[in-house]
């Protein structure tokens, strides 16, 4: 998976003073095949990225800045790995068009760098074809403001795609009486439950059921450091994938 | 736990033709310290119970019959182990008064004979004193008509008692946006989630959370045969507990 | 996944008086797109399979009979779905050669018809590329004679393949003192633990760990009926896969 | 559980420069009903504890120092909460004798301040009476040098006590062939499995099994901060428990 080139790849981090950015800087510094050549904070000029000779830049800034950042990087022939949210179908389309005119620049835009969450989502879509029942339980710390989580919502959509591909109908559910809403949310036909507990960070359980059996996928993220292997995977693979890739799974060998 | 008396205890089963009753007959027949002396089905006269010399009777009939059955048994000096639902505070009070006039007859009325469910409920009440967060996930087959389960509702009440005893306030939960109801039902201040999947039977997970830790109780019931150890425990202990006992935990050493 | 042809596929079951065979007969009878045309028990002549006009035969006999059975089926142009163990590299080679001379006969030989176990094994091989640590816990009823299970052994091999493909070295483990062997068996470099408990049937947990995260796959089989969807999938797909296929995953869309 | 006295209890921490000691100092400072009056590091004189007017001292030093520390505290009428290991039956006996001559000084010596681990151990002893099978799986980070963990060993002993009290014999296990040791360690007749994975901290799973059911206790410790509620519970209760108490459960309401 990882290559050990004769000389390290030169990497810049944009948004280096945020928590994710600081973690990314530390991860790049620890990787033997990568060299951190620029830490760009809010207000720092992007010229420093080019001046430092960066080959790949990691964008962990804010929705209002990421578009301009990435276009600048593409213009300067620097590959980009982007964790910032806020990209729309329209802005993605503009970027795709812009990349066609370049000579092999690669951009990865990944809403989720947790490899385990990406695996769970992909495996869920496959497993969904083979089971009559499927439900999702996501669990987070009690300070989270919204429910269910974005990852759970995307996983429900993946399960729905898998079920549709297999010609499966609605999940079986004879519930007639549920006055307090214990059956949870229904997202794309899949029941989703959100647990909030002190001591938890970010966890997802996907359960499938058939006659006489049960199949379960579970991802536990205890720390944001768990996103770093995904970021580094992006950095190492982006040069080999010219054009726009949306989703870390585009760089993973899930076949 | 189990005694091996010189001669087996003589046991009758009321409701012997139902599924639970049939399982109880089989369990009594397999137990070396018990002897099945009467199987009473719908319409059979109760006189057969006395004629057979039963010392203990197991009532697994229906709500409309259980009250009359138990009073008849008490009148004839036969101890009773009752799994039938439908008892009210009023009918329990009448039975309690009736038992005071007897010479040591014991009656156990147990809404749940699953020892694991009884343990989960008791342990949940104790653990609740020590954790900031607590939630319940109950999981059943998809043919179940109501949600949440009675066991989950009783467990939520037990957790609420434990929290009150420890002076704990509401569970922490910053959720502001949950348009589809992913946070589930709230029973006695405790969030309860109900999962319905093919292949499951009856399962309960109770999760507690504090800073940096998590504590979990789980009971899985795969088959109604799992109720039989609780029924036999009742049969073996009821003679040693004169008067009325409500709940199998009254016969268990949970101290 | 399942097709509803204008007329049902005609199916024979060999080994119909065994427990798996009886379950397979029941499953075929319940499927609308299949018709059970022959139940062959020990000693029954195979001619009945051809006489009944079977298009597909399910072989659930014994290692000493399966080879002869399958060659007979191939000779008569009947597709075969085989769950019997005992096939060697040599006997598989002979069968493969024999099939080359036929006009599109398909044979599926599957050591494990549990779709969940097949999914767990495949997903484990993929996930193994992305995690520093991996261990397996298999859990069965206490009457099982050997440990670890064949499924766990195959899963360990799959994990080892995934790790090798990613260039990963040995799993990290600083254990210096383990006098009683708590770290379990080591199969292809992967630690495997075997739990034996009353009430369990066949369960497998595969756990992956990286810095700050954990990824888990779990398959629970509560009943041998859970093998039937896999058997039926084989019956429905075998005609579309001429030649020899080893492993149910060859008929599944796991890409 | 916690009292809010009119003025905070004055607390000293011995071993304040170690990792546990630093966490204890922070926890005391955050508690409204406690006041941190002395941080004692290696080489600091104990006189500072008395000079600061400490009512309770937390000893988180090293085995070679804890004995002398505690005797000094008792002599000065200061209650002690001790997390340091290294106490023997002999040194505990001497301390018990010494405490008899005091006017109400309390000492708590606790090998494990994780409330969840204490609960798991206690509940395991009770549940063990009611199940034919019991096994333990402990899971830790891969830098741990020994297996199985001390907590797992103590839990196995607790289960063995529970089984003995109920007259249960050996756990059922038909394993005849286990060449690589997948069945793990056997401690007091109970099988114990040790998993070592990157990303884990300290986790224990206790599984009980009976016909048709399963009962599970699980404790996950993600951070040493999870020991702090136990330390604070000790500090708050020690004055009300004159003499020597061994084990945090002596201060908990587990009845």
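Chains: A, B, C and D, in written order; residue numbering restarts at 1 for each.
Rule of thumb we're sticking to: a residue touches a chain if its C-beta (ideal position, glycine included) is under 8 Å from a C-beta of that chain, and two chains touch if they have at least 3 such contacts.
Since we're looking at a predicted model, the values are computed, not measured.
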item: Most widely separated chain from chain C, with each centre as the mean of CA atoms; value: D
item: Between B-D and C-D, the pair with more C-beta contacts; value: C-D
item: Inter-centroid spacing, chain D versus chain A (mean Cα positions, whole Å); value: 40
item: Rounded Å distance, chain C centre to chain D centre (Cα mean); value: 46
item: Centroid distance [mean C-alpha coordinates] between chain D and chain B, Å; value: 34
item: Chain A: positions in contact with at least two other chains; value: 199, 208, 210-214, 222, 226
item: Chain-level touch network, classified as line, ring, star, complete or other; value: complete
item: In the complex with chain D, residue positions of chain A that touch it; value: 199, 222, 226
item: Of chain B, residues touching chain D in the complex; value: 1-2, 114-116, 119-120, 123, 126-127, 129-130, 166-167, 208, 210-226, 228-229, 252-255
item: Chain B-facing residues of chain A, complex; value: 131-135, 137-138, 142-148, 152, 171-178, 180-187, 191-200, 207-214
